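Listed next: structures, encoded as structure tokens.
Paired with chain B in one complex and with chain C in the other, chain A is shared by the two complexes that follow.
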Partner chain A sequence: MKPRETVTSSQMAFLAIAFSIGSSIVYIPSPLEQAAGNAAWLSLAASFGFGLLVLSCVLYLNRTHPGQSMVECCRSLLGPAPAAVAAVFLIAMLFFALPAIVAGIGDFQTSIVMKETPDYVFNSFSFLAVVLTVRAGILVMARMFLLLVVVMLLFSFTVILLALPLYRPEYLLPLLPGGMKPLLHGTFIASGFPFGEIALFTMLMPYAANSESAKLNRRLYAAYSATGVTLLLSAVCSTMTFGPAAGEVQFALFRISYEIQIGELFQRMEAIIGIALILGSYMKACLFLFILNRTAVELLRLRDDKALLFPLSFVCLLLSLTMFRNPADFNHQVYVIWPFIVLSTGCTLVFLLSALAWLSRRTRSFPNGRSENAP
Partner chain B sequence: MTPQAPEADRLSADMHANRRRIEHVFSECFDIQIQPWHYGPDLGHAAVSVYCRSIVNEKDVHTVKQTLQSLVPHELGQAESISPEQIGRYFGQRGVSPQPYRLISTIGEAQNDVLEGYVVLIFDGWDQAISYLVGKFPKRQVTEPVNEPVVHGPREGTIEDLDTNLGMLRQRLKTPRLKMESLTVGDNVSSKVVYVYLAHAVDLDMLAEFRRRLAGIERCDAVSTSYVEQWIEDHTWTPFPQHRYTERTDTAAAALLDGKILVLMENSPTVLICPALFVEFFGTSEDYYVRTSFATLVRWLRILAYFMAASLPSLYIAISTFHPELFPTVLLLAVLDSREGIPFPAFFEAMIMEISFELLREAGIRLPRPVGPAVSIVGALVIGQAAISAKIASPIMVIVVALTGIASFSIPHYDMGIALRIVRFPLMVSAGILGLFGMMIAYLLLFLHLTCLHTLGRPYLSGLAPLKLRDMRDILIRAPLRTLMRSPRNRRLNGGGPAREGAGSR
Partner chain C sequence: MQENFIVASALLVAVLAADGRRLKRLPRKEKWCYAVLGLAGLYMALLFVSQAPWPNLPDLLHAVYGGPAERLTQYLKASG
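Let's look at the complex of A and B:
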């Protein structure tokens, strides 16, 4: 096998932003508003806290098992058979997530931009770009995404800024219109998508350059916080623009951009958000396909790590065309089922591994059960 | 002198034998002159001079006289007292002569020297020969390069003569750290290739890689520096140039300070700068001669020109075909109005116009100069007025094509302009098929392609991907020269010591 490519800590941080923001900057406000109403941004903040917990577990695993992916970690902590089971679960998760991301692009195009074009056109071209990118390797992806994340954030913030005249802060009140339950519901959704997904980032950690551990942790926390702030901003802005109707609006940021009209100069800004959405989805899909491929390669212990790339993405393409019967079904699967899967499988696995790693370290440090103060 | 030369190749003491062998080597070479001479007491000793008439100034061929004069006392005369032994002893031990000479001992060396414009003198009874460089092939004057004119800055350009070019570089960098290594390529062209670098500025890994790539070129008949470029480049099929050319010595010197390797070649006026990064094609040497604010403005214009040259027609196709709602209403009406009656979809309209524009451009380059203006008049009529009247193209399309053309002309590097011309067509196709989404995918694939490229082992997009904010001061803006000089782009220059190994760029 070739020596593994490594990426620097700052590139890793941008990969984390691409991974966690992805397309959610456009998608996430709507389902949250639907579930939690005005408390959407509060639930986003709460789930960001949960995401930080997951991230700290990911980083802890990277410290105790440097250079090991989630599957390898599982293998060394639990043994080969449970590791294989975990890998199968992960693959199953990704076989859902990856088609969903790409179907999101197709859905956006067919429902808003080009209504007469069938979705397989968009999905297959998207997958083509994704699979070619993943084939080029993580280093090329890291280099590309650094610039693309900057472009994506720049475009999103431009729209958020230009929409200033549309905001009505009074829409933010009351803070908790329906009490705690909607807030918890929103927190559940956002904890799964997008914040909990960071659990899968464990599969990418081995690619971080080993020499920069402390810097890496700092930068990943910073990147993740940037994600949190960006999503929070997009949720707050969507509430301030649409008020109680925000839940009914799909692709909130896109709709905001549609409303922008500053003189004759700044109007029709939706193309910018379209670009941001495609960029975000593309980057996230690349990283998910990379992880999917990595997991499959580690499960099957293949020597050629590119052999499965095209078959896997072809399967995902077919899934993306068949899995979702209609947009309502898509919303149900992505905002109800997917968060549950992320929490119950991805996050639970990371928590479990972290706990085991902590225990095994403890028993190794103090084999005779002596206390820490003993000489 | 080459002690390891095969015995058969060595000059013998018998001048006539040497002469026969040289005549054999140069048989059917009309311009080789073999001139016998006699000297000494009663003109009893014989000598012969061999030179190539077409590259030697025959009026200057008084080298025999000069040689003999070196041995006699301070008087002019017929050098009657000289014998071949004296000549052999004197010049064999490198005696002083008014003109520099080379001592040669094989037929091969004699042959090479004759072909390089030397006059070879062979004396009977001496198994060596001496050669003088006499006159040279007429060469072009040092003038301002036609392809890289500037408003400010030096007007000096390289010419076809290698020594003159190297001399101009030496003039600019008067340091022993300026290294020039040479090799001779090709059995037939037998041209010198010299690569030049600044020892403390160049990345040693890169230099080693460059040398490794260059290996084997000695056997190839390269006639120009572009052969060297294609010999050492990483990716053959990409349209994007991975090395730069210049004919300006100031650009070449600046490149050396940046740690580049220059390749110069005999009979080739262009200097190859290895490696070139994508972002370097945004700049010109003049950026550093004008005020910071103006240089920065021009940078932005060029970046805009890049995007326009690559994607303006495709953007027009995409928006007018698939997303008319993105036009402001008034503009949309204007576009629709102008497109009324045009029988082609926007894609074909754009293709027709672009292809005729490319044809016109190509014709303009190849045509004899007096015919050139005629083509531009015809072109202006055909793709301008007549196309609109005949309803083949809309006025807006003509504007789009013209703007694209102007944008591609304002890209300072011709090679990069060509790359963008090539890239424009797939972008137009993708826009014609899938609108902005297609363009987006095409742009992503283009970006992926550029990120995958390497030049001499360095990522082609260095500065952008991997993104280095520090480099942006010479990409997005042109920072004040004081800042750039205080901490040069090439950090090795700061230390001034021997070149360190380059940190691997990610």
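Let's look at the complex of A and C:
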């Protein structure tokens, strides 16, 4: 069997940033501001905390089952039949998420940049780039995404900094005008999209180099924290710029860049942030297709791990063109159904596997049920 | 409909052209999986071309997750 490619802990950290920020930097402030109002940034902070818990479980599983993906962990902890059921649910999740990401790219392009061009043009070219990238392998993706993540973050922070004259901190108050429920609603949305999605990162952990396991945990926590800070800043800046109207503004960072006017030199910055937003979605789509392919290969125990890439992409492309009837349907599925799917399937599975792994280690440590100090 | 038919056909031809040589060398299990995905792709292509309101993946996910997700969202949206 061909040796599996491995990536360094730094490369895994950048993959984690691409995975977590991904398409969420395009969308995230707006639905949270609709749900939680001025408390959107608080919802993000709370859901980031939840995401850290999920990441801890992912890293714990990697420690107790080194080199094993989620499907392999399910097989060893739950048995082959429950593992197959879990893998089917994961595949269904990914068959929803991947087309949604690419549909988002198409939606962004057709609503902002090229309004007369049909969706299938953008979706087809996006999937072509994604499938060719995934075919090149995880190592090529890791090396490439390192640079793309830097570009994405640099452009995003540049826009956030240049928009300083637009910010009105008074728009952050009042903090909880509707009480706790809007905050919880925003937390629910953000816990599913994007923070809870880190549960799927267990499928990429087998590619982390064993020699760097000591640094891996630290670097992944740092990467995830960078994601949290970036999205938090994005939410705060969006609220400070648009105030009560923040929830009605689609693609908040893009709209902020549109408003930047510093002398005659810094204006019409939206092209720069547009690049950053598409890069994030592209990287996340690549990682999701890789995970989808990996899950299918492990479920079906295939020998050729690239055989299904093109048909999977074909199905996902057509899903992206048929899944969402209109923008309201997109919003309903992405901000109501998808967070629930992530929490009830992805995160619950990771928590369950972590609990079983912990119990199994405890049972191995004390096989006769006696305590350590018993005579 | 015509436009969608041309697009779907072009995509299908592109996938088969890209994987044509590889398909002949695939082991049997991979061929079967490829065929199943191909059937799913053909169904999706039919949906795309005809724009018919036939069952799709979101309907399946809605059947499983929709009820609890919407109830939870309604509860969180209710003013309190």
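The rule we apply is simple: the second predicted complex is superposed on the first by the 371 of 375 C-alpha atoms of A that agree within 3 Å, B and C clash if a C-alpha of one lies under 4 Å from a C-alpha of the other, contacts with A are read in each partner's own complex, and residues count from 1 in each chain.
Simple rule for what comes next: a residue touches a chain if its C-beta (ideal position, glycine included) is under 8 Å from a C-beta of that chain, and two chains touch if they have at least 3 such contacts.
Predicted, not measured: the structure shown is a model, and the values here were computed from it.
Look at A:Phe155: by the touch rule set out above, it reaches neither chain B nor chain C.
After overlaying the two complexes on the shared chain, residue contacts for A:Phe95 are found with chain C alone; chain B is out of touch.
Applying the stated contact rule after C-alpha superposition, one finds that A:Ser126 touches chain B and leaves chain C untouched.
Looking at the shared chain after the overlay, A:Val7 reaches chain B, while chain C stays out of its contact range.
Once the two complexes are overlaid on the shared chain, A:Met323 sits against chain C while remaining clear of chain B. In the superposition on chain A, contact of A:Tyr282 is made with chain B only, not with chain C.
Of the two partner chains, chain C is the only one that A:Ser344 touches; chain B does not reach it. In the superposition on chain A, no chain A position is in contact with chain B in one complex as well as with chain C in the other. Those residues of chain A whose C-beta lies close enough to touch chain C in the complex are 35, 92, 95-96, 118, 120, 124, 178-182, 184-185, 188, 296, 300-304, 307-308, 310-315, 317-319, 321-324, 333, 336-337, 339-341, 344. Listed in rising order, the residues of chain C touching chain A in the complex are 3-4, 7-8, 11-12, 15, 18-19, 22, 26-27, 29-30, 33-34, 37-38, 40-41, 44-45, 47-48, 56-58, 60-62, 65-66, 68-70, 72-73, 76-80.
Of all residues in chain B, those touching chain A in their complex are 322-323, 325-328, 434-438, 440-441, 444-445, 447-448, 451-452, 459, 461, 464-467, 506. Touching chain B in their complex are the following residues of chain A: 6-8, 11, 109, 113-114, 117, 121-122, 125-126, 128-129, 132-133, 136, 139-140, 142-144, 146-148, 150, 264, 267-268, 270-271, 274-275, 278, 282.
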